[in-house]
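Next come two complexes, and both contain chain A; in the first it sits with chain B, in the second with chain C.
Right, the complex of A and B next:
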């Protein structure tokens, strides 16, 4: 059972969700581990980093060799978002979206949200009232990012709940549990994705008629040097931003609170000195990354990595969370150290597909944790480990029940 | 300062990027002694890259480019006071105000200055500029605000090209005169040079290559234009001289150190050589003024005018200044720099001039996105990206591991291009000086007497 060929099966097994780190350590010992189904698992930092930067590694599901092709991922009629494309198309689409999200063209969009973000976080915390027991996921970590990404894109407040339901269904479809028929969940996921796309497409049409100052208006109306997104491109791009913009951040915040409550000295240190927060967020991204592995890469040529030749067309799975604990890269990697220096983690990936929303995720997590630390007096975990969500990729607690002394600020 | 004692006196001559970062690294490394920084400019350390970009466009104020300090320094600052000499026996730096600064260890980080227009009378005309200092950028931006009829840029290296780009972005008429065959050709070779030519023309630059400015004309002390070597006349009320840099080594004349127009030579650990090639033990050098041997480039002495090199070399020099022999480390950073011009981001790793061939490994000039990979005798020595910077780490790894050239195909956006000669001209035929100086020789440009069988 403990052959390296079964590592992926063991990692994705729900029983491993609370603590996959021993399996990641086992993976690192094998470097690049071929799995029983012909896919390759990589868990060492240098090898992952090299593959993330290698232009011969594709993110396009069409690059998989025949036996590894996933018919559902290759649906006709729906364009693929840039996360599943290679250059030059990936670059064109990402650039068109980035023009309206970050520097150099829109340097202030994320920063401008800060005040609003603080207000939303404070409101959610006010909602705790006098409750002595909280679920930090449902009461805080879940509603915060979805509200923020909807605000950023320009989804009206009345529609946020519907968007939330769609996003959940889409993410459930990304999940895979071996020995279970994924078809029904994946179909529901595709339908939710399409419904979300139609909704955002209609919203974009509205913004074309009456532009506002949100990102969807900018995407719908701008004619930059690379032209304009087509309507289907705009639909899949905004669906991508909405989903990626909140499912991952939920985990970063809830994994963050879980980790801090398991390390009370770090918790108190951060509460006393919030200037340590940016470094603490980086350490969380290393220690408990919200995206544990990238399952969707494929070599376009036979690639040698860590002494193993990965054949062209094979599924290549990059286990970022294992690389983040690689002792050859990080001193004392299993220690949670909010003042860690030289912390170039893989929490946001790296290379051309590195996390598009990283600046927003950092800011949301800083604000969320700062707010919670100030508001939680005498917090205790009521369940450790907590109940986890199904996904081994977007790994995080489904609920995070805590007890506290009410009234803190 | 004996051994690795954390005390003593350290003087850093040069208070720009390299000097500041070295001083910070000295304190970070535990140096508790007296620290003095000497700078010829009156301003505290500032960042130069924005000067030819945001400041020129009027988007950033010149006085808003101060370098952020990484830590408190507890240092004595002598700003606006050039060093005029060095007494290596008495271990003293001589300053223009007459002070003699004693030191146990010295760091030379005096950098470069803009190469002036060779005719002093013409250089004094109102409307003549160079661009190196914050003050230069401030004055030039003011004059561009006033809406000159035409700007003449002399030299099409990186600085000249960025100035031309900024002028076009402001909607000003620009003529660029370059003695070489193409802009940027001196640093990046013929393929990227041809691309840069197209780029400048597409952005409305009146680009004149293969000619020189033979004289500048003036009226009542004001610049009115220029006469070119092909007999053409250009009317211009502003001329920016972008002929490259001069290394600030004059103050070291007569000291017996290996200092001259090409910089101050040092070993791999930033220790300065004397004129006989004997290494000194208490004088170090870092930044644009240093010439250092690099193992990836056959241990030839490199001089780099790169922001990242200044930082990395300053940190290595500082470490070695306060470490005992076996704890010292070499300066091995792969050279890297960036430029932004005409809406594009250009980045480079390695030494593109150290090459005999180049191949477009990703993208194409037509899409204005590309990766050009340079090779020398079958190994990868450099890569240049245009709007494709995130791939550079991969190519840097190929350079560091001396991977075979051309690189393995397989990139999704490789269009099957074949390698072509890299076409790096002899720096002597350029208007602008090179920003990377491989001191020994360029691979294909050996002097005739040293050519095998020649």
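Right, the complex of A and C next:
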């Protein structure tokens, strides 16, 4: 039962969702653990960090010895998004997208969203009204990032709900539940991705005819030094940004509120001094990262990791959340400390595939938590641990019911 | 307030440029430029950049140069 060969099965078991950390500690004891299905699990900080910077480690599903389906592919024959590609193609596509998201070409797009982000967060909090019971996921953590990513890309407000439904279906398809037939969910997810791709493709066509100042217009119209995204590339890339900008931030905010409510001292300290919030967000990314592991890496050659040879083509799973609690890297790693120094966590990954949207996620989470802390008077968790989503990768509460004293500001 | 970036540590993640575009600037893909003297109205943004740097290469303080060696 407790053989290291079954660790992945035990980690992905839904019963472990609320607290996978003892299993991660067990994984770190082994450093690298070969699983019964021939995959390799890595849970120590130094090894994970080195692998994330190792050009012999591929993100391309085609590098697997056993065929592997890209869970984010739009349909057969469509290109793969840059998350599932290696350099130089990854670099070209990521650069083409980054050009319209951040520096050096567009240094102010994210910063410029701040005012609007605050307004959206305040509106959502106004919506709490006199309710004494809230679900911080459905009432706040979920709608905020969806609205923001749609605004950034340029999805008209009237279509946000539809995008929301598609994104939900896609994410449901990413979950693996070992003893359930994955086929129906997989098919629904594929259909949602295709529909989302078609929708964004049509929206891009419209932006070519009548450009506006959103990111989709920029992606569709600009001819930079690397050329332009083809129409299929544009569809795949914008679907990736919509989905990635959606689910992970929801979990960061929900895990964040759950963690802060479990640590009332930190909660009060942050409420009194919001300038501590940037450090607290980094600590949350370490302590409860919204992406727990990267399941899609593959060595391109036989490589040695912590004294173990991982054969070319075998599935390599990097457990970021285990590395984030490695006592050889972090002092007192199981302690939640919002003023932690030297917090070089793996919450956004590292290396060439490090999270594209990290600056946006940081800003959204800082604003979200600051708003909630100011508005929640006498909050109490009504269910601890709360009900979790199925996914062991994108881990977070499905609902986060809290009671509060109405009022507050 | 002063800011110093340890350019030996910097790996070009550019989180500081996102968070405080008035203080940090990218020239080309990787060359980071910044103004060491932080205007009062940029203080908070610079402190956010310090917290967000994935390799902890940004230092700020009244005497940032002193502690950044």
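Criterion: the second predicted complex is superposed on the first by the 400 of 409 C-alpha atoms of A that agree within 3 Å, B and C clash if a C-alpha of one lies under 4 Å from a C-alpha of the other, contacts with A are read in each partner's own complex, and residues count from 1 in each chain.
The rule is short, and it goes like this: contacts are C-beta pairs under 8 Å (C-beta built on N, C-alpha and C of every residue); 3 or more make two chains touch, one makes a residue touch a chain.
None of the values given here were measured: they were computed from a predicted structure.
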Fit or clash - chain C, chain B, common chain A: clash
Touching partner for A:110 - first (chain B), second (chain C), both, neither: second
Partner chain in contact with A:118 - chain B first, chain C second, else both or neither: neither
Chain B versus chain C as contact partner of A:55, first or second or both or neither: first
Which of chain B and chain C A:102 touches, first, second, both or neither: second
Which superposed partner A:282 touches (first chain B, second chain C, both, neither): second
Chain B versus chain C as contact partner of A:87, first or second or both or neither: first
Chain B versus chain C as contact partner of A:352, first or second or both or neither: first
Which superposed partner A:300 touches (first chain B, second chain C, both, neither): first
Chain B and chain C footprints on chain A, overlapping residues: 350, 354
In the complex with chain B, residue positions of chain A that touch it: 49-50, 53-56, 58, 60, 86-88, 91, 225, 299-301, 303, 350-352, 354
Parts of chain C lying in touch with chain A, wherever the complex brings them together: 13-15, 17-19, 21, 25-29, 44, 47-48, 50-52, 54-56
For the chain A and chain C complex, residues of the former touching the latter: 102-104, 107-108, 110-111, 275, 278-279, 281-282, 342-344, 348, 350, 354, 358-359, 362-363, 366
Interface residues, chain B side, partner chain A - complex: 343, 361-363, 367, 369, 371, 387-388, 390-391, 393-394, 397, 408-414
